[in-house]
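Two complexes follow with subunit A in common, the first pairing it with subunit B and the second with subunit C.
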Partner chain A sequence: MTFAWLPRAGRSLLVLVVIAALTCQLAVLLPGDPALVLLGQESTEAQREALRHTLGLDQNAFVRFVSFVGGVVTGDWGTSFTSGRPVLSEILSRVPATAELVILSQVVALAISIPLALHSARAVGGRLDRIVSTGTFLLLAVPSFVVGILMIQFFAVQLGWLPASGYTPFAEDPAGNLSRMVLPVLTLGIAEGAVYVRALRGSAIEALRAPYAYASIVRGASDSQLLWRRILRPSSPTLVALVAISLGVSLGGTLLVESLFAIPGLGRLTVSALGARDLPVIQGVVLFAAVIVVVFGILADIAVSRIDPRSTRVPV
Partner chain B sequence: MFRRRASSALIAATIIGSLALTACSGPATGATGDGADTRTAAPGGTLTVALDRELPTLDVTNGLLATQPVLILSNALYEPLMAPAAGGTFTPGLAKSLESDETATHWTLTLPDDVTFSDGSPLTTASVKAHVERLADPASKSSAAGQAAQISAMTITDDTTMVFDLKAPNADFTSLLARTLGMITSTTATDEFGFPLGAGPFVVKDFTPGDSVTVVRNDNYWGEPATLDSITFRMMPDADSRFQSLQSGDVDLIWTEVTSQFEQARADDSLQVHAEPAAVSSLLLNLSSPKFADVKVRTALAQAIDRDAVNAVVNLGEGTPVDSPYSLLGDAAPKVDYPEYDLEAAKKVLEGAGLSFSITSDNSPDSIQRATAVKDMLGEAGVDVEIVPVEGASFLSTLTAKDFEAAQLVTSIFSDPSGGALVATSTGPYNFTGYANDDVDQLLKQASGLTDGSERSALLADASDHLATDLPMLWLTASNAGLIGSNKLAGFPDLTGLTLISVQPSTIGWAAE
Partner chain C sequence: MNREAMKTISSNDLILEVRDLTATVQRHGSERPVIEGVTFSLARGRSLGIVGESGAGKSMLIRSILGVHPPGVTMRVTGEVRLDGHDMLRLRGRERRRALAASVGMIHQDPLRSLNPTIRVGEQLTETLAFTGRSTRRDRAARGVELMRSVGFRNSEDESRRYPHQLSGGQRQRIGIGAAALTEPALIIGDEPTTALDVTVQKRVLDLMQETRERTGSSMLLVTHDLGVAAERCDEIIVMRAGRIVEAGITAEVIAAPSHPYTRALLDSIPRLDGPRLRRLRVPETGALS
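Moving on to the complex of A and B:
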């Protein structure tokens, strides 16, 4: 088993090295001179040159790559140009907000999507199926930030039930944290849920056509028993893969929702670092996001192979 | 069955409709205005302010702390030596006085006797010198490094008096001391977050990078104590979210430059607007492009742009048309013979000429909307324009590299007379057009060495006339920028006539019942 995953781990490591090498080219690839951004338009060329030297921007790409990778391996991800704090600390300080947002929104998405998808699949073309199909297409067509703005306007401004924005750490104020998380979690969760409904419904319709489904019905299983015990598991590999990919990508930052609801997560860190041309932070965030995506990709493969062992067999 | 479906559809339509209506409808009644607030603020209380950007640090070396939207926070912590006054002038803030000799090269700064940093240690002229030296060092990564480099020597007379010797005359040196250069910080003491101590009416109590800053009243403040107990500044980059948070009562005061929000706030009894035209927009023409080599073409382009219409449509009237770098300077603004809107005259030159070019613009919604309005106007005159949106950090680099044909510049550098020299002199750091006119260079050089108002105004007027004739840049409008807050706030400083929206929050508080 361990050896079976070695090639995948090797490929993943290669992916990370390539990404690290590419991020080291950012100093060349990104338009905009970090020294000019930091020192301002009225600075002299001599001042900018001195700063480029101080920041190591005058080194060649290979030296920067070796220095970056060496630093990552030893836990030194560099120092932010703008804050002067270690990059790894900057990133880790933003993880809780993004992780909470992403995990809660996935819980909401799954809680909504699984029952809707299974029951829609059980009665294809029925009333519930039509309502769910229309609703999911509507949600897929409307960008999540529009849904967010409407929710803020309705639940925060008009009704005054929930805070419009902001973030309070759970450890400081659990109630405040959760009340501020409701709208962003719903915004993100509903959008993800719509995707999951479409994916799971299709797989469930396939599963319901399988002989074991007919056998279960003939044996007198109720709809709930049929859907939750016989259909969900064989239908779920696609959903599991989607959730894993979504988790991986979202943990790298959910920029729009973070900006809209003023949540200090990784997405906003990335944007502010890009705006300030804070190259060490940009490099760090990109690598961190890549690691998360790779790890969740591997976890998805493992989960799918556990759900359906046939998925790992080579077709004969 | 059909009735059930119909009723479901009706419910869905009602929900969607109510959401859409609540999102789109503006406040219904009432009116508020700008100007002096005569109500008394009761001592105590807390305030929540929404800033429009993320702050990774509170060290004044970071240029973000010198930007207009953040000055309300910077002023609270690091009260600047000088403060803006009406018409692009500056008055002493923390300083007792700042006076120049007749050459505008030697500036004498006098501090009050009892100024202290927030730890109670004295703020002396030695502190000022050390602060400026720190900023001048590129290693500090200070956005004021270039301004500090204008100072050739600092001579300390005593603890409260010192002289700045400038490398070149600069009658607008006072303006530099209203931002980073004048926000004196200790070079020997820091707070618990590692930020150099300031001498403002508030001190940092809590700071979460990218999220919020809480400041509390500085018990060691040398001046009149702040009215409020504390202020929490929340970093909320999304403009719609900021305004919705204000409407819902989540925050009490927001920074905005979105014209529709000013319009909505003025119609809302519960809100008050504190804004002035402060963000000047213009269209830069890259003179190295043969497309703009002929001054007749540049004049026709200016005639094709209806600045009043731009102000009415894009700024919703929340601003004013401009015709020179000095348009905001109140009584000192020169009367300039800038080309008036004349579409027929423009068409005579441009129609059928096959002129096409791109307008590079920062990608903010207001800028794109303004560029689109200009594109449409030029289109009516027969010019084919393409808009190229560029992300903020790349924008200045694009302009510096002169990698554009035409570009829309939106800036606050025209908040004082020095802005003209920055864009119009041949070596000006903001001269992105490549404009070089010896007469203008001489006029503005002479003006920068004059402290006499009337004589200086005459020179600036002459330079403006040259710019209106040569047209390296086409002037558009100055749009409103500022703060919208709860109507229950009192003690708000009067911003009338200010060209730099810089608010010291120490007098703001909740209106006494």
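Moving on to the complex of A and C:
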């Protein structure tokens, strides 16, 4: 049993503490009297006083931090100003939609990008490679919601094959759920896939130049054997790290795509909480996203150390 | 004598026949020759050293014979290459891969970089079987353990499950030799197999190559910049410079009476305990070479 993971765990904890400290000071960081800002000019002094107490503004920053962290740890993330429901259950109710969207789009992104990246790396400068390079640059240059709008226009409005927006829980109506997911999943998947193609193509070109690729070809490897069984693994650490970052970031909410396709996920919860100045919800969403990013960062480190045996002895 | 009979004789006697081989690299519309009009042959069971300084085209010659070009480089190869009866410049796809796997075993220059860092050595040693034939994982594992024992690994059972970075330089090159012997190929090619190794390990690796070759009955092409190594290990020698053969012959004759000034310069560059110390390779004027 080694304790090589301890420094990594310590750093993750530090990140979470810093984010918690910043989030619980959000109320103070707003310009002016937060109670006045949140309640408006028409509020009475008694109402404002009550709000200051709820937010802990009548106490010093350290006490506020301790009680905030204590609440988070015990599952009391505060109460939404707008809905009056607990923040934690507000957040958890939005997780399924976002998680489904994000996980499916990652599957699509990888399914498209890995074969394209490997085969264009095998024939650098060839026709496929030129098409793929131009295509990915184009996709990287265009924001994903533009792709989304074009897809809605084409597949939903003109062809009428798929619904343009909305969300039905999978448990209620599987077919309706999936048909509504196709366009947002493609929109997000294509955007992510473009990034993955560029990353994996670069590493695969490098791996193909290595003498071990030459050795495998002389030993009779076909193109697909070479690429899938000998090149993919040594080229994938960068890709895996990117996927983990992307999963972590987008599971915290994909603002644009969720808004565009009217999917009730974390991204839309964040947007509406910001609009309504629903401070407890904003704090909760920020902290939740941070926890996910940190968790996926750790998962990425573990995955990379599994892929490249040389890195197993290095403490992550 | 009819053609059929001629083919039988030539494929029996000669493992490798290279005739008027020319290779050009094409880049941005222009062509640059890297191999020009190279002709030589290698008989069954014999060994041939290809000698020359770096950039002489030795590795390119091997790549052109095998038809495995550097990635991203467009090459045009003309002439004729007959390897163990296969017309290498005309074979395509599956046939070419099978010919390579069955007839060629290759030992590469850099033992670490020529092993895939993410694959266990036992699996790499036997990958030819996985690529070209029907074989089970269990059979390959057993074959790998056996081959590793034959190239001097004592705990080959455990060692076959290691990754390349867990072995020493000499051990890695022994893996390379084991892999080259796997199919008992007609031709073993060593592309600077000892250049990246310690002087003390070099001799052991060369001895092991020789043993392996005797066991499998293979011919050998030994590419090296070290004329001393080639003289010691090869029956015949080819000296290359700037993509051409400048001298060829039986080793003893080439060493005793080098006809080309470049060969003489190479001979003089072999360090000797009793000789004068030269700092640089003394090369005659280029005009004398062409």
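As a convention for this text, the second predicted complex is superposed on the first by the 278 of 316 C-alpha atoms of A that agree within 3 Å, B and C clash if a C-alpha of one lies under 4 Å from a C-alpha of the other, contacts with A are read in each partner's own complex, and residues count from 1 in each chain.
One rule holds in what follows: contacts are C-beta pairs under 8 Å (C-beta built on N, C-alpha and C of every residue); 3 or more make two chains touch, one makes a residue touch a chain.
The shown structure was predicted, so the numbers you read here are calculated from the model rather than taken from an experiment.
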Subunit A residues touched by each partner, larger count belonging to subunit B or subunit C: B
First, second, both or neither for A:Ala9, with subunit B first and subunit C second: neither
First, second, both or neither for A:Val17, with subunit B first and subunit C second: neither
Contacts of A:Gln225 with subunit B and subunit C, given as first, second, both or neither: second
Partner chain(s) touched by A:Ala164 [first = subunit B, second = subunit C, both, neither]: first
Partner chain in contact with A:Ile307 - subunit B first, subunit C second, else both or neither: second
Which of subunit B and subunit C A:Ile217 touches, first, second, both or neither: second
Subunit A - residues contacting subunit B, complex: 30-33, 36-44, 47-48, 50-51, 54, 80-85, 90, 93-94, 131, 149-150, 152-154, 156-158, 160, 163-167, 259-262, 264, 268-269, 271-272, 274-278
Residues of subunit A touching subunit C in the complex: 122, 124-125, 205, 208-222, 225, 229-230, 233-234, 307-310
Residues of subunit C defined as touching subunit A within the complex: 66, 68, 70-72, 94, 97-98, 100-101, 104, 106, 108-110, 113-119, 127-128, 130-132, 163, 165, 179
Touch list for subunit B against partner subunit A, complex: 8, 18-20, 22-23, 50, 53-54, 56-57, 59, 62-63, 138-139, 141-147, 149, 194, 208-211, 234-238, 240-241, 244-245, 247-250, 391-394, 396-398, 400, 422, 429-430
